[in-house]
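Each structure below appears as structure tokens.
Same chain, two partners: chain A is paired with chain B first, then with chain C.
Up next, the complex of A and B:
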């Protein structure tokens, strides 16, 4: 077993674009749930809007990079309105059921064979990221960052991803410190109190839903960039629940919590996976196969989610007084 | 709450959780060891277990379509190079059989599993020979007849057939959703792990039948196992959480974690493949001009009888009245001398029993057992419950039947891989116009 290699792989996860995408999507959930108290179980749907909006406008309509990003964002705003209009006046668990249902509807629609020409159905789409890589300012070659060496393409994806995450974090921080953000927190604590102050609670909730959804959509685009492909199976309910685990790990009503949560999530997964695979290949563990070890990660995430919720609902960075539930 | 009792309670909760998963881990491999060997239903390769199939690098695949429509749930078998494996086409008609080595395989489509009215095109080879040409994938195409419908093409008969199938599907959904609704009504918990209770019933029955038990006994034991899982869940997890005063949203997220963990514990031992229960292929019965499979009809009768019995128990017995009282107002019920905790424990047990029965019927309806079969209908169960009105038992029944019929009837016009979309959409639309659901009460909407 090569411990150094496993450790390096785990450290590499800290700056991987997938971690950035998870962090960004979880930040969107923090806006929804942590700050506003909206129970969004359909963040995978927002990510799918980003991925498919971007990919389809590039492939089917030959849109340039920035137009494709814009189209994805518009899709996400429309999706947020469709979700919000029927449910934001209802109790929290209705929003939960409707968002999870809407995300699944989106997944069924991009998987159906009837739309194969546009969505690629179950096989998904690929080869739509040329516009992004054409913007790469780094000259060709390998870049050594100490613990990991990257090609110029990998470096470009990572720099973009983390710059975007940093930008979004600053924006969310500023928003939440503004009077607007204080109203959101007020809605989380007591909707009726805010309403009695003359605020339009429905409009504030809708704005929060749209902003969190946009973060999810940007994350969806980021998620596809390193792979240059999008597959519908990736946008199932499990993705949403992974994002929730990241959010709860880091702390739900914090800005850096979701990002930190995503880093911890991926480092822990990579470490355990590496150690398990190593142990299986060197014959130390014989009672499970590598396929079964791959399933263990889901079991681990599930148990971690339960334990977190029961014993430390505020996460690593959170403050217990700022929980969106009691 | 002082810190010492709190710590004690937390430790007890942790221990209970650990014991729950330990129990799952210990019981499952034993049943699997005995399972595939003796099972008449599992026809996967003799050497590698169902889970191992995913390890093979090479695969034979194809998509089964009839007049542009995907054909799901058709069994396809591959034999050759000392290996044999089988699979069932997915909702999109796609199928893949993973094989250990490149070589030549005989691929056979089981014509008896083709849906009614669909036949192989005249002159189509079956079985056909597939040879790998230095690729990791090989394709096999089975041309189906140009929508050659054997009988019953007119809309009326089609509609009648779909209505009966939909009623059967709706009633099996109702078994699960009535349990979910009872749990929601008495504890306020939206249980995302209910789908896994559905899966558990079918998986337990598969293992028990594989051990050579007769079908009725395997089904009975699996249902009892489902009830036991409900009882243990409440005793080990939900009751301690309620006593800690955990919030409803926190408990909802705990149930999501539980669902993830249990689903993949099941996959760990059951594997990713689709397996069949004994008697999964049943003859068609003709009722006048309408033909329906025997299993679907039996499932309809069984669920109708069970739901009728449950309705009687709820309306006529002391326990049923106590349950409805707790659902209505727990504090008042408790003050009237009703043992609320006991009622909730019984509700969880009954919910587990009903979900397990629903799971077995769902396995016959699809047909097939897989580790994520419960997850696939979880949202339809939610749709049924929301449609009828959260927390109302008879609303859940009505809502589920509507969802079941809608799903089946919509396949006349909609692609088969979109049939769940329609049901989820009407749920959202109903929330727009009547958020409390069909039989719900206004004050619950909040």
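Up next, the complex of A and C:
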């Protein structure tokens, strides 16, 4: 077993664009649930809006990069309104049901064969990232970061991803420290009390839903960039639950928590994979196959989450006092 | 308590003894100067008429108590009037604005702010943040301005200053940075009331503000309610304790089974046979103004000078005031005391 290799792989996950995408989407969930109390179980749907909105406008309509991003964001806002208008006046659980259903509907729609020309059906879409890589300022070559060596394309996508995550974190932080953020937190605690103080709760919830959704959509675009492909199977409910895992790991009403949660999530997955595969290949573990080991990794993440909930229920960065009385 | 926030009232609302009703007092009587007028408001839950109010006016600049046995429909009426529940029929106007069908947050913005029987504080916000949330006109609460502190920082300072003054008044200043969830039940009632005042409402509707409050805090809560009147606000509150009602209310509305069954000044209402039947029949232990109970009340009130002077209770309890006059000083005087001198 090559421990150094396994460790390097895990370190590489920390800065991978997928981790950044998970962190950003989980930040969206923090805006929804951690700050506003909105139960969104369809964040995968918002990510799909980003991925498909971006890919389809590039491939079908030949839209330039920035226009494609804009189209994705518009899709996201429309999606948020569709979800929010009927449910945000109702109890919190209605939004949960509608979001989980809507995300699945979106996935089934893009998978239908009739739309193959546009969505690529189950096969998904490929080759729509030229516009993005054309913006790459880094000259061709290999860049050695110590634990990983990256191509100029890999470097560009990582720099973009983390710059975007940093920007979004700062914006969310500023928003949550503003009086606007205070109203959101008030709604999370007791929306009728906030209503009785003259705030239009419905409008605030809608704004929060849109903003968290936009973060999910940006994450969806980020997620596709390193792969240069969109696969509908990637946007199932389990994606949403992985994002929730990241959120819970890091801390719900925090800005850096979701990002840290995403890092922990991917590092644990990578480490367990490396160790298990290594152990199986070197014959230390004989009673499971590598396929089973792949499943076992997620069980490990589940166990990590359980341990966390037992010993640190507020998440890594969460405030214990905020959880003490519920 | 200081006079800092007491608006330099041109009218002394505490000394206004003109009659409240226009003509004879009775259920559904007209008021000389109503702030809230309710017409034919009904609300049914299944088979029962939770609220069935034909006509009711709430007098401006007065403290009105809404009493009635449990299940009389007081809370439901509050919910209807403030837009938290929709009536089956009826209309009502607040300060000239028709309010039927108006969203609850708009009702609050018009200056009609309520508290809840089951206290609603934002547990995971600090006491000070709870207070700030009550303020009106904070441009930073708009998403478009939220990122630019230069647009809302100044207003935030004003709001914070206003909150500090109120917290000091309500003896919550030591708790300002604690989470509201860590407050006792009575302190939460105080916080909810103080928070409602942040928006400087015209009409404050308090649903059982004294319920569950430590008796040691009741007296200061009563003082706060009376101070609201001194500052020009109108108060409508739900209360079960007759002594409290008699002590601070200018006017009493009695509800039973959804209807207004009696109205009038406290002393009169408590003699009303309809009230005794409807409300007090079930509460033999409640004293209805016998001399024993009155003495107890006076003994209680004697502990707190500010709460007695300058109210309309003087008629009942006034003979104590003269005795205490000499001792009354700035430190203990409070708002009511100074008004009385002025």
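As a convention for this text, the second predicted complex is superposed on the first by the 307 of 326 C-alpha atoms of A that agree within 3 Å, B and C clash if a C-alpha of one lies under 4 Å from a C-alpha of the other, contacts with A are read in each partner's own complex, and residues count from 1 in each chain.
The rule we apply is simple: contacts are C-beta pairs under 8 Å (C-beta built on N, C-alpha and C of every residue); 3 or more make two chains touch, one makes a residue touch a chain.
Please read all numbers here as calculations on a predicted model, not as lab measurements.
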Output check: A:90 vs chain B and chain C. Expected answer is one of first, second, both, neither. What do you get? first
Return first, second, both or neither, reflecting whether A:190 touches chain B, chain C, both chains, or no partner chain. second
Go through the superposed model and pick first if A:292 touches only chain B, second if only chain C, both, or neither. first
Give one of first, second, both or neither to describe whether A:171 is in contact with chain B, with chain C, with both, or with none. second
Look at A:301 in the shared chain and tell me whether it touches chain B only, chain C only, both, or neither; answer first, second, both or neither. first
Considering only the touch criterion stated at the top, classify A:133 as touching first (chain B), second (chain C), both, or neither. neither
Show me the chain A residues, by the header's touch rule, that chain B contacts in one structure and chain C contacts in the other. 324-326
Residues of chain B touching chain A in their complex? 10, 13-14, 17, 21, 51-52, 54-55, 65, 70, 90, 92-94, 190, 241, 246-250, 252-254, 256-265, 267-268, 375, 379, 382-383, 386, 390, 415, 417-418, 420-421, 424-425, 427-429, 431-432, 435, 444-446
Which residues of chain A touch chain C in the complex? 171, 174-175, 178-183, 185-186, 188-190, 192-201, 207, 253, 321-322, 324-326
Using the touch definition from the top, list the residues of chain C that touch chain A in their complex. 82, 84, 103-106, 108-109, 113-116, 120-125, 129-130, 132-134, 136, 138, 140-143, 145-147, 149, 152, 156, 179, 181-182, 192, 195-196, 198-199
Report the residues of chain A in contact with chain B in the complex, numbered from low to high. 39, 85-87, 89-94, 96-98, 100-102, 104-105, 108-109, 111-114, 121-122, 237-238, 241, 244-245, 248, 288-292, 295-296, 298-299, 301-311, 313, 324-326
